[in-house]
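Two complexes follow with chain A in common, the first pairing it with chain B and the second with chain C.
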Partner chain A sequence: MVLNILPIVRKEFRQIKRDKRILSVLLFVPALMLLMFGYALNFDVKHTSMAVYDEDRTSVSRAFIEQFFISEYFDKVQTLESKSDINTLLDGEHARVVLVIPSTFTADIQRGRNAAVQVIVDGTNSNAAATVLGYVNAIIQQYSVKVMTESLVRMGRQTISMPVDYQPRVWYNPELKSAKFLVPGLIAFILMVTAVISTALAIVRERELGTMEQLMVSPVKPVELILGKTIPYTVISSLATVAILFLGYVLFDVSIKGSILLLSLVTFIFLVGSLGMGILISTVVETQQLAFMIAVIVSMLPTFILSGFVFPIRNMPMIIQGITYIMPARYFLVALRAIILKGAGLSAFWDQAAILLVYAVLMIGISSLRMRKILT
Partner chain B sequence: MKLRFVHPGSSAAKAPVDHEFAVVVDGLTKNFGKFVAVDHVSFRVKRGEVFGFLGPNGAGKSTTIRMLCGLFSPTAGSATVGGFDIATRPDDVKSQIGYMSQRFSLYEDLTVEQNINFYGGIYGLDGLRLEKRKRWAIEMAGLRGKEAMLAHALSGGWRQRLALGCSILHEPPILFLDEPTGGVDPVSRRNFWDLIYDLSHTGVTVFVTTHYMDEAEHCNTIGLIYNGKLISIGSPTELKHGLDRYAIYEVQSSSPVDAMEFLRRQSWVAETSIFGSAFHVSILNDPHSKKKIQQLLTKEGVRVDRIEQIIPSLEDVFINRIAEEDAQRNGTIH
Partner chain C sequence: MFGISFIAPVFQLIILGYAATFDVSDIPMAVCDFDNSPSSRMLIQNFTSTEYFRVAGYFDRTSEVDHQLDDGHASLAVIIPRGFEKKIGAGQPAPLQVIADGTETSTAGIGLSYASIIISRYSQNILLESLVKRGSVTLPARVSAEFRVWYNPELKSRNFMVPGVLGLLLMVMTMLLTSLAIVKEKELGTLEQLVVTPIKPYQLIIGKLAPFFLIGVVDVILVVFFASWIFNLPVKGGELLLLFLSLIFLMTTLGLGLFISTISRTQQQAMMTAIFFFMLPMMFFSGFVFPIENMPVIIQYVSYLIPLRYYFVIVRGLFLKGVGLDILWQQAVALLLFGGLILSMSVMRFQKKLG
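Take a look at the complex of A and B:
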């Protein structure tokens, strides 16, 4: 089969080149988003502001308090003089955490009783609050163990060894940097958004302006039109992907651990599916405005919220988790993170890749059928 | 899969030989739901003639042309274009035709030359042939020196001529023009019709829809279409003589509106219509009609300044035919 695609591809590139908006959406917005998400969307909970209300005021309580501030997790912002200050402090967000040590603290410890310590956390940011509580808990546990060991030593035991020794190692992202987690997600997000929106607009524009009619009376075949329309956007989206990977490496030290070939392959499959979705949208709506709205609704929002890009899927309610299964980006993300961060091979995510392939075939199939119906 | 330019029709079968007719339409019908847009229309268009489809908006002109170009599939009936059946050989039909609509389908964000390159490209033109046709189209449209201008910056007349040029780069033997002069100034309209004549002289069959009477006069054959039905067909002269049953009088009078109103109520008056400061009355042919009109109007207190029988214009023909058609539909007889 000989296809006459070149004139359409060439024309499409010319139009993209002419339309500075599309070009900037396709090339600069991804870079901007990477910067924004990479620097601003930071889940690392460090340097949390903490205030202390110490009713005990002994060397023991001070040593206990000190445990919090030798770590980088907490910064001391204030020492409170009265309990009533706690409210104003938290309300004004001057502190996220308040540590309250009762006047019986030292006495309880020395008598071997349970010493109660109150920790008040601002829970408005629930994710951060949970993390902060984890840190507080760990620091208090550590302190408790120390006190217990000391008292056992005093009671005559020479050496104490803990029954279980905790030796954490974090794999794939040892510094626990959010950027490493976000860069692969951002690739999925940007590809989805650019591919779906730009193809939908490019085709609906022809329908709106009446040039589609001119193409329909010409010998151009539906397959030529679809390929001619999608090839330019595939090329540009691929360039955007390379740009994100490059910026991710330079700015956030995210390097591709796995096979670049595999990464390209999976990305290509995902891209084909997304382009198909864009074409499908263009076949059901008539105006660019509506096409844009629908494209944003089906691509941008779900990919941002429901793919696991920013919010972990396992924390979502069951119903929402169910919905995430129809988000292609969900599968793409697993594969991307596996390749980029873990250096995994196809065997680690073949199931995700298979679903993506089904998605791509389905989208291209349905959209081609719809397109054929419109064109003939 | 190899990507390259192909010449349309290079592998297509040659058209079945029909030297006489470029378009043959037989009982063509198109329904949109319950609405009958085109109702059993049949006609033939001779090779090399300018065929005009005349009718008011919504009469079914565009729907017919769109079926012939393969944009709509007919509900019933059949048609051949360039000898190929529109239902079974749509791809061969496409290689035979050029199409231009009122929308002048140009890419506004591309330059004049880029538009030509694109349309040439999708018709498989390349190399020398593309260069030759590009030069021709630019000359024809009067756009020399403006090759690098964006289509969006062109005025109506230029856009129209460029759109025409783009739609016939591949030198189709049959050209469909759907209200090609809509929204274009009179001078450009005039120039455009000169172009259509030139094309017609080179043997191109031109099928044009319009609702301008003066444009219809330029055609070799006119089909009058109304409510989806072809109500008359013939050359402008034939159509005018077809009104033999009627005599048309032009009346100049003191109060034309009242006079028309009064005449319309008479059973022997077929139709009245305003024409400038005068009005036209068509009457079933009767040697005494002139006197009858004069007497009646004078009796009604209308001063008749001038009354004379005239040769009907196309507009008279059209108005009469429509009145007849409406009368038939409503079951009333004048």
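Take a look at the complex of A and C:
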């Protein structure tokens, strides 16, 4: 059996090697994506452009405005002269937030009333806008506490501390770095793309170019053909995974907190299932173009969107949440994050691992059956 | 192939419209209330009365809270120590611990900032109440904010993503499929046959590009129709203007498709090149999901070289803000320049390869 598999493996490797661009895609794109996600792409909202319309123009209002720009969250772009400028400013995306301070601001504070300011936010990017609202609110609350204590002192009371001493803590990822969140997802994404798409294309190519018939008349058995075709991509995908973990550690300090053995095991199960899915696709369609389309629709898009890679599943509508249960990447990602970021053991995600195992067995089983039908 | 060209737009719209959401609500919160007093219960109620948090469970030991976070059953934990109410009554600062699971950065960030707002408000209320109780007639000054959100008042991710689908779709449908169609002929050897026929190169190019141009136009119309029908998102800035500017953008995608076909030998190569060297970088660095303002300055400059960037400003401006050419003319000019340049260079390269 090994004697029959080796030549196919060698042939597939030679084909990959001859095609320099595919090889570079399979090996360097994971690294490139990691760099992109680590350095350039993140949801951290800083340096939001803010314009100010100050109708009050007193030292009190200026001190209040100052609070926003001593933080790194806001950059002052403009001081407005009239209220009608707000429209053009937000329409043309010159500012994302406008702070409006009414002319009664200082008087309200001095007379011990509630001084209300107005904040207008560009809601186009809902995620960024929600974060910005949070920052603005926090800054204003903080300032309000300061004003309150000062005013209490003026009223003749001793300094009063705030009743609740709030101590926020972030676990697993204390600096809230997106890279830590994205590295496990990237592994799942890359494995899906290399395993499902490359495998599907590699087999369909033989069918499209008519070389499949030649393989059929050779003494190669279906199992041997499948193994021979998938082993090269297993090797490449594994290398890519190691590369991502290594770069993640060197560049972004994402170390594997849990067991490496467990990580390899779960990754292997997922990989086998994905290779099986690739083979399954290749047995259903006859052109590379269609194989690719289907592979993208069933693997790449769902892994990116429906697995919790970027978008939290909890926030999706119920029906879509239901659909995510049939996405293997979903379970893989939970296991990956548990092992890499939380250092959890098998007890924390055994159910996810079990489902992955079922998926792998199902995919390999069905695809082998279909392959046998095609080859005979 | 024909079916996919028309099913894919609707499929992508629904997936991106419904699934690609950052909206944070119902964050599962584990509660460990050692104090179990009216004050502590009041504080928890302040959390649950908002749409942002729901209680995932009440626990008696902090180790159980650890488990909840480890397993991912809770994303946030609130721990109220014994003596919480007593300390408040005595005018001493009462410690309160909030733990967030940082693995989901965006949820954790937004969750913590809501938590701090709720707690700060609770704190101020207690202070005011105690002043009133002690018989104070005048209250201290406070500052509060009144928020207005423009263009997308409910802060729905969907309204941000759906217009973006147009850009994504046109890239897949026109750039990717164009390059594949041409490379397929190359791979099967039928391109040589076409070259020896009396068909002129420009006729060949027009013949090859025209179907995908039409698919692009139909896809724009489909998206506009479904966006207003399913997602209640009409093109406020005018459908015709959107179609016109989309046609300009098509020059870029068709040109790139043609270009990719000249540098690829096999379909597998063309797909890999189109996806990894063109589509993904263009998507990521154009502001489709990740805001350009948050990127490093160098990359922000690089993003000016990506035509998709201008197209996204246009579609979001037209769908959400309802602005017109008076605001978008710069984007339109940039698209026109890039499109003209890319298309004419690709055509030249293609002709050279043929000859």
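Definition applied: the second predicted complex is superposed on the first by the 365 of 376 C-alpha atoms of A that agree within 3 Å, B and C clash if a C-alpha of one lies under 4 Å from a C-alpha of the other, contacts with A are read in each partner's own complex, and residues count from 1 in each chain.
Simple rule for what comes next: a contact is a pair of C-beta atoms (placed from the backbone, for glycine too) under 8 Å apart; a residue touches a chain by one contact, two chains touch by 3 or more.
Predicted model, so just to flag it, every value in this text is computed and none were measured.
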Worksheet entry | Overlay on chain A: chain C relative to chain B, clash or fit | fit
Item to complete: Mind working out whether A:Asp19 is in touch with chain B, chain C, both or neither, as first, second, both or neither?
Response: both
Discussion item. Contacts for A:Met36 in the overlay, against chain B (first) and chain C (second): which applies, first, second, both or neither?
Written reply: second
Worksheet item: In the superposed arrangement, does A:Leu6 touch chain B (first), chain C (second), both or neither?
Response: first
Worksheet item: Is A:Leu306 in contact with chain B, with chain C, with both, or with neither (first, second, both, neither)?
Response: second
Practice prompt. Return first, second, both or neither, reflecting whether A:Met216 touches chain B, chain C, both chains, or no partner chain.
Written response: first
Worksheet item: Now for A:Glu55: first (chain B), second (chain C), both, or neither, which partner does it touch?
Response: neither
Fill in: chain B or chain C, by number of chain A residues touched
C
Discussion item. Contact-wise, after the overlay, does A:Asp85 reach chain B, chain C, both or neither (first, second, both, neither)?
Written reply: neither
Practice prompt. Give, as a whole number of angstrom, the minimum Cα separation of chain B and chain C in the superposed three-chain arrangement.
Written response: 12
Fill in: Residues of chain A at both interfaces, chain B in one complex, chain C in the other
19
Fill in: Touching residues on chain C, where the partner in the complex is chain A
1, 4, 8, 11-12, 15-16, 18-28, 43, 69-72, 88, 91-110, 112-117, 119-124, 126-127, 130-131, 136, 138-153, 155-157, 159-160, 180, 184, 266-269, 271-273, 276, 280-281, 284-285, 289-291, 293-296, 299, 313, 316-317, 320-321, 323, 327
Fill in: Parts of chain B lying in touch with chain A, wherever the complex brings them together
1-6, 8-9, 69-71, 73, 90-91, 94-95, 97, 99, 101, 103, 105-110, 114, 117-124, 166-167
Item to complete: Enumerate the contact residues on chain A facing chain B in the complex.
Response: 1-8, 10-11, 14-15, 18-19, 209-211, 213-220, 376
Worksheet, complete the sentence: The residues of chain A that touch chain C in their complex are 19, 21-22, 25, 29, 33, 36, 39-49, 64, 90-93, 96, 108-131, 133-138, 140-145, 147-152, 155, 160-178, 180-181, 201, 205, 288-290, 292-293, 297, 301, 305-306, 310-312, 314-317, 319-320, 323, 334, 337-338, 341-342, 344, 348
